[in-house]
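Sharing a structure with you now.
Going by the order they are written in, the chains are A, B, C and D; count residues from 1 in each one.
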Amino acid sequence: MRILFFGDVVGKSGRQAIQKYLKKLRDELSADVVVVNGENSAGGLGINRKSIEELLDAGANVITTGNHAFHWKEWKEVFDNYPMVLFPANYPGLLERSHYTTSSGLTVMNIQGRVFMECIDNPFLAADRLLEVVPKDTFKLVDFHAEATSEKLAMGYYLDGRVHAVVGTHTHIQTADERLLPNGTLYITDVGMTGPYDDSILGMHKDAVISKFLNNRPARYEVASGRCTVNAVLIEINKENRDIKRLSFIE
Amino acid sequence: MRILFFGDVVGKSGRQAIQKYLKKLRDELSADVVVVNGENSAGGLGINRKSIEELLDAGANVITTGNHAFHWKEWKEVFDNYPMVLFPANYPGLLERSHYTTSSGLTVMNIQGRVFMECIDNPFLAADRLLEVVPKDTFKLVDFHAEATSEKLAMGYYLDGRVHAVVGTHTHIQTADERLLPNGTLYITDVGMTGPYDDSILGMHKDAVISKFLNNRPARYEVASGRCTVNAVLIEINKENRDIKRLSFIE
Amino acid sequence: MRILFFGDVVGKSGRQAIQKYLKKLRDELSADVVVVNGENSAGGLGINRKSIEELLDAGANVITTGNHAFHWKEWKEVFDNYPMVLFPANYPGLLERSHYTTSSGLTVMNIQGRVFMECIDNPFLAADRLLEVVPKDTFKLVDFHAEATSEKLAMGYYLDGRVHAVVGTHTHIQTADERLLPNGTLYITDVGMTGPYDDSILGMHKDAVISKFLNNRPARYEVASGRCTVNAVLIEINKENRDIKRLSFIE
Amino acid sequence: MRILFFGDVVGKSGRQAIQKYLKKLRDELSADVVVVNGENSAGGLGINRKSIEELLDAGANVITTGNHAFHWKEWKEVFDNYPMVLFPANYPGLLERSHYTTSSGLTVMNIQGRVFMECIDNPFLAADRLLEVVPKDTFKLVDFHAEATSEKLAMGYYLDGRVHAVVGTHTHIQTADERLLPNGTLYITDVGMTGPYDDSILGMHKDAVISKFLNNRPARYEVASGRCTVNAVLIEINKENRDIKRLSFIE
């Protein structure tokens, strides 16, 4: 099985990049299934029907989210109507909407960290519970949407040998630490993001971000324009081989 | 000028890796000057005379630190006796001990972030003040020791065109986003760490870290053993070229 | 001099209580000057022209604010047009708008804490700077808008003997620790709030607040209705006596 | 039933105050049972055999704790040997050690907040679970050890009508908001502390605390000396009446 996973898609610009490159890369890389983190796909923050439809249309088989999932009220409609859009397992009551198994046999799970983030339920115990409810004989990938490198690596080791891959999202910066953990789980701390590159700080135009850091008063954040960066990983799992490769380019 | 910069050195194991590889890499890569982040060099947390002496002996020309610098009381002796050991500029009263200019003409500056970290003075204003007091006609490199990717990229853009390089430290995971910013500053979000690799979460043995995440009660953290990872960047600045290259290997 | 100080006024309901009781209490208690914290006066969060006009009309001589001051864009108009509306001294660049001296001879200063709050400039150093710029021969009161009891008591001791009173705001709950510090400064950790009492959590209706704590997903906060609580302190400073008395009632 | 509850006892000085006043107040006020929060009873931080023995000897029937309970390794011995010493219910696995029913028929429960504190399990859901396991026909009191006023009031309303009293601890400052909630639960946001008063910030000598706020570098905290303050509440529950009264004096 070959899985193509795209990091947090930011805004219209990120969605356009997905529309332009997803199928192309999928075909070139012979990926069987494509997973996209979409928590920033609507206006740079959150999700809505439109952003979800566009990502699915572009070829995403499963869409994961994270802390920004609930930004727009419309998240409820997505929640009710799109079973392949996942919400983190450790929000109270959401476990059943945090995993999805594709027809190609990949179970994707979505969990969220809580170091330097909102204090939700324990992600490690949520992982245990998830593994009890998902189908046994599928390939298993976890999108661990988290801030702290320590919590992410801890989740990698915690699930090592119990799932095929743990990939991190949320920081919007790709890390260079992809590896095969000792018991066979593929791991990367952060896949990075797909969205604005020029004058961009995690997808937002730099000026407002810097202004906020200088003045501590609200600044009007806007999704940056200009060229896009595309960050993804290709995961390969078969009898002979387990491998995770980073992809990263600026259009 | 060619600068070799090593990310956070963790514990005895990290110091040994520095002793083993620093001069070798410096010579192979024709580096003019070597900078090492040493905030975790003594017992995995903080600095002391011994850890500093070993890093200097191994060939470090400048040693930067960060939030853990003050962990051992002995930091005061280091502070008083080693001018090439830097402390973050935005701790109250430490600006004068946050920069150092080598005989080879490199001015190293050390600043610390405050998103998800202790709330110290504004790092952006500290950067402005630093640039007023350091020598004008030198090469300039900033070690921005910070957690949040947004704050780090913001510092990169804020100093773009005003210093030659901004390199991030603190997360202990190397990022894959090295780049030349539009106005000529070389940038990477995090250089990563130099220290234990096997069964290691940021240098500490995984078991205690996972136990803490599961139980929320104090666990006895220990520096991991086994193989070391070495994370560094090589920065080249000359008339024709400005370049930053990642180095990363497991011994 | 007798100073009447009202804690955070919350929403329309709080403004109505101020309109109903301020002048009455001022006259009954022979207060020379009235200070009101208005950071929640517009819609329960932030300030605007209307909320400020109403508080002034009701008899407030000086209005202090805090972390919510900048919630509505209209704060800029208030900032530009109402010199007796203060903003915390330790936001970058706002020192000159953080103090006001009444014709009756009271200098009010506004500072904000940073423990468990946004990381702005050091409030203790801001206090030092404020004391350099305000008129010398006036009575001096500081509204220290802060969360943590440790930071508030620390500010009390830090300014003990340098100002006449340090009163805390922000937690919306009145504390029972009013006292005369050893060097003559009157102190209370928190004055409390003026606003909705029934089914109210800090002014907001309890249901949404509890829902947020249970589900960790956004809930629509609404200012509670029903009876109001009025929390204030009366400070008396004269040659024979220095005294701080709590006032608290439900209408 | 009349319950006497003492807020966080700090260090030797606090223990001595308990030894001096507990039985005296119990007898004067005809209290049937005495509860003491002891999380700071050993050296100002944490608990040990000695501090627990002294509090029991002084007449405490139940001892509650909080976030500092685990500071000394010796907490495990207390955990294993003193069933009337409680640990917060929402640490993973500790629910069974978070409640105790006295021979006089009072069930005390201990829960911890997580706003501005370590992110443990959900305190509201823990409260629900506790109420399922504790004896039905007893008087019920909850010590909610928490920082944020919003979380504490939310717990009060959440348990209103389901327990007899919810008393807050942890901030070390007594609040003046004791009240009877609409469905019959007695409530106070914080009982305050029992320990050093003079030159004291939450029990610690002011100089180190202020130094830390000024310099952001480690300072050596020491329990303050001088006079003690005693903070408590007396709760009365009987057929005709439900009442909560604050007690506070400096020796």
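Operating definition for what follows: a residue touches a chain if its C-beta (ideal position, glycine included) is under 8 Å from a C-beta of that chain, and two chains touch if they have at least 3 such contacts.
What you see is a predicted model; the values in this text were computed from it and never measured.
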item: A-B, B-C or B-D - pair sharing over half of the C-D contact pairs; value: A-B
item: Pair with more cross-chain C-beta pairs in contact, given A-C and A-D; value: A-C
item: Inter-centroid spacing, chain D versus chain A (mean Cα positions, whole Å); value: 43
item: Shared interface positions of chain C, touching two or more other chains; value: 92, 119, 122, 125, 214
item: In the complex, chain B residues that touch chain C; value: 92, 114-115, 119, 121-122, 125
item: Sites on chain D touched by chain C in the complex; value: 116, 122-125, 147-151, 153-154, 157-158, 171-177, 182, 189-190, 192, 198-199, 201-202, 206, 209-210, 213-214, 246, 248
item: Chain C partner contacts - residues on chain A that touch it in the complex; value: 70-71, 91-93, 118-120, 214-218
